[in-house]
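Both complexes below contain chain A, partnered by chain B and then by chain C.
Then we have the complex of A and B:
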């Protein structure tokens, strides 16, 4: 019975970590699916979200919701700025160039954060954040961890509704399916590009803020995370939001199980093995379309 | 006939530099430039000539470096045995990655190579009993080349050999096949070229050369740590190829010189070094997408 309780605890930890992966990977998969941009700086959006939350909480001391509203707006604006300065000039050029530029942006932001915030890891402390621990059956979870899962659930649901029922959402999906036909049908490509980056960066920023309450935030926080988020994007199928949600939770759970039963050293590696296997066996991902666009 | 003369002058200058009494600091940087010339020129075979992207070059670089460190520790062998061994081991890893991965194209290939790069980095940093973990391993200097003024010639010779080899390869039938694949893979297959084995050949040769560069760097800095072989290093090598101008041989060489020397030139701004490096990477890609050399050639043609 004890071993089963342990399994449940691993499962819960996996869902918490997986939720963080989901929020980062959803933005990444949108940016990839809609714009065809592989954005390595996405992990830095996550990291900056962590610092934005810590800074806002320190100077303003507002509650939970206002603080995260600030984080979302700040990172959304930052996403728009990066799109304008770095990615728009490269639109329509060789895809490798955008990858290199996003690497440059990643280096720039990581070291910029090091200069501004220092190497010392920081934690988000908010009064509004429940300090109580929850007990569900044999599983213990702190309030911050439960919050991560809840926030992911709410945000992803809103995103999916927006994509499904609003004009903006339809324009985004049209771009992902066939950019040229979308353009002919009157979709404003530039606006779609801006919206995609704003939404992706805001989601990553919120994830970073939520995670900085549990794990600490430091300038290199995003560098391994973005690589893992890429594995989630591939596993779920590039451009598929539903796939990213499933694969993100799955990766979190698999990692928790691997680290619990096989050893912590293998934890970070497992996702990358899965990606290589997946690309060789089923390149379109779990939920991706089979057809390949030129 | 201006080109051969200027190349000759450059070679002469490179040969005389240590004799002219340049400081150890300058020579150390130039040795690093030679090592990155090997890396950039070899990666260009894959990227610029065979048209396949790879973000795993630093992994092969690291595999070479750790091969020499581990062989020295466990077998007691020296540089001249370890150099070919490191190249063979890195080449075999290149084969193991390339065999399945080269079926994929574009973004997918990029991401598989990134996954491979990350696995190698994690293995190097976490398999402590074998690789020494985060602290790495120490490596003995090469007998007869202990001083940097001596090691300089070793690195120069190997870099020159690599450039000559790359030139010979790209001007052979193999190089022509790579170009055909790069320009139109379907057409290349239609006229009877064995595209998969051609691509694989480029991949394995590049991996082996990167392994050689790894052996060299291990004996140069007299040790290996996993942080010298991160994905950032891979991306920097890709940036060298692109900033210089891919598929031009001289371009990647120039890119390696510029991007290795640049952080050193920013000496007084040491803490801003990487911020400026990142900003420059973005700027150069946007301003000169065909590379410095490509932009220059373009302007001269007009």
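Then we have the complex of A and C:
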């Protein structure tokens, strides 16, 4: 019974961390799937979201929802800005250019954050209920951790509905499937590009804000996370939102189990190991489709 | 033919030397050049940016008193980002391009180990600015150290912590959570030996990567093994997380931290969970060491805040280096190294009263380390006994 309780706790830990991966990876996979841009600065969107939340909470002192609304808007705008300044001028050129530019943006943002916010870790203080730890059966959790899972659930559901049923969502999917045909059918490419970056950055930002309450935020917070998010994207299938959700949760849970049963030092390794295996066995990922390109 | 060639070469060499001699006095007369290398960005930036305040403070104080050898001290600061590759580049730049005669640095043990090998080749002494692992001073030739550490290394720190855990805190079943680095492993390996020697038992050793922030799985696992104390060998930010999360998963085990966790920021980040947390402490603003007290007062007046162990480490490192230049009588690496080995009467701000920079044959100063315990949101200093 004791070992089963332990298993439940590991599972809960995995779901919490996995939810964070999902929020970051979904934006990453959208940007990749729709625009073909490999964005290494995505982890910095996450990091900036953390700082946006801390700053907004510090200066405005509003409640949870307004704070995260500000984070979403701020990071959405930031996503649009980086699309306009960094990625749009490179569109249509060799994809390597955008990869290198995104690396540059990542270094720039990390060091910029170090200058502005300093190296000290900051934490988002959520009052009341969110701070307290509680116990469900044998599983220990905090309000903040539950909040991450709930927020992921809500945001991903909304995203999937938007992609499925709205005109914008259809335009995004059309772009992902075949840019040229989408363009011929009247999809405004630039608008799609802007919307994708805005949504991707806003999701990463919200993830960063939520995580800053639990794990604190530092200028380097995003650097490992973006690699994890990439493994999630590859495992789930490049460009597949459903794949990113499944693979994100799965990676979180696998990491928790590995660190619980095998040894914590193996935790960061396992994701990358799985990616190599996946690329060898099923290169298109769990949910990816092999598409014939003419 | 050969002779003509060699004569031309000698001529060119002489010309080069003449140029160097003409250029050198202009620069050398102005200042005594000392290098500083610290992680000012990257994962260890938190420590690096605090240490440098102490380093600068020591240099400013010396300069206000007229400098050393009649010249002002000029600092050349390099950011090693906590990376060994960057550290080797930084130490080369300091020596070859800036022409420093001594270096204060660095904080990350692995970087100090890599950089100290380069500095030794160039005969430029280094004085640690926070690196704890004994591996770095063990790499010195006994009796001829080029890397100096004006505070105890991991061997002494772990030995003291082991005794404190078993005797002062009364814990026999001890678990270790260590950072995956030579800092973490050198402390953990030594602590394991010493806890067992003191009659305790190590029941688990867990390792984490430096940027890890989620310890729920590790802590839940440790909870089932019921340790009486958990020793954490790692940096401050991870320590704050472990403390906070251990309370969240329902543990009330005594937590003991390595020297890097001796920071007010940790108490702030971990919040009420830090109550009862014990940490190795080499310096507190409330130190019984009169030299340390005087330092605290001057630091307060200058920066309008409390000094911490980082500012004290930086201050001692640069202060010792400047004094060594004064005793050497010339700005020359080898002379400074000789002077550093005879600093037995030079007081340090860290450690108990009457602590001096008495470097042993390995280049370390094994003074007594204290233990501080957090009570009511403040560290309370248990005297060095």
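The rule is simple: the second predicted complex is superposed on the first by the 288 of 294 C-alpha atoms of A that agree within 3 Å, B and C clash if a C-alpha of one lies under 4 Å from a C-alpha of the other, contacts with A are read in each partner's own complex, and residues count from 1 in each chain.
Please note the rule applied: contacts are C-beta pairs under 8 Å (C-beta built on N, C-alpha and C of every residue); 3 or more make two chains touch, one makes a residue touch a chain.
Treat the numbers as computed from the prediction; the structure is a model and nothing was measured.
Applying the stated contact rule after C-alpha superposition, one finds that A:279 touches chain B and leaves chain C untouched.
Of the two partner chains placed by the overlay, only chain B lies in contact with A:93; chain C stays clear of it. When the shared chain is aligned, chain B comes close enough to touch A:227, but chain C does not.
Within the superposed three-chain model, A:140 lies in touch with chain C and out of touch with chain B [touch as defined at top]. Once the two complexes are overlaid on the shared chain, A:120 sits against chain C while remaining clear of chain B. Once the two complexes are overlaid on the shared chain, A:238 sits against chain B while remaining clear of chain C. Looking at the shared chain after the overlay, A:111 reaches both chain B and chain C.
Contact with both chain B and chain C is seen for A:265 once the two complexes are overlaid on the shared chain. Applying the stated touch rule to the two superposed structures, the overlap between the chain B and chain C interfaces on chain A comprises residues 110-111, 265, 268.
Within the complex formed with chain A, the residues of chain B that make contact are 53, 100-101, 103-104, 106-108, 110-112, 114-116, 118-119, 122-123, 126-127, 231-232, 235, 238-239, 242, 271-275, 277-282, 285-286, 289.
Interface residues of chain A, counted against chain C in their complex, comprise 2, 6, 9-10, 13, 16-17, 110-111, 114, 118-121, 123, 133, 135, 140, 142, 214-216, 218-220, 223-224, 256, 259-260, 263-265, 267-268. Per the touch definition, chain C reaches chain A in the complex via residues 41-43, 45-46, 48-49, 180, 206-209, 211-214, 216-218, 220-221, 224, 237, 240-241, 247-250, 265, 269. Looking at the complex, you find that chain A touches chain B at residues 32, 36, 38, 40, 85-86, 89-90, 93-97, 99-101, 103-112, 115, 227, 230-231, 234, 238, 265, 268-269, 272-273, 275-276, 279-280, 283.
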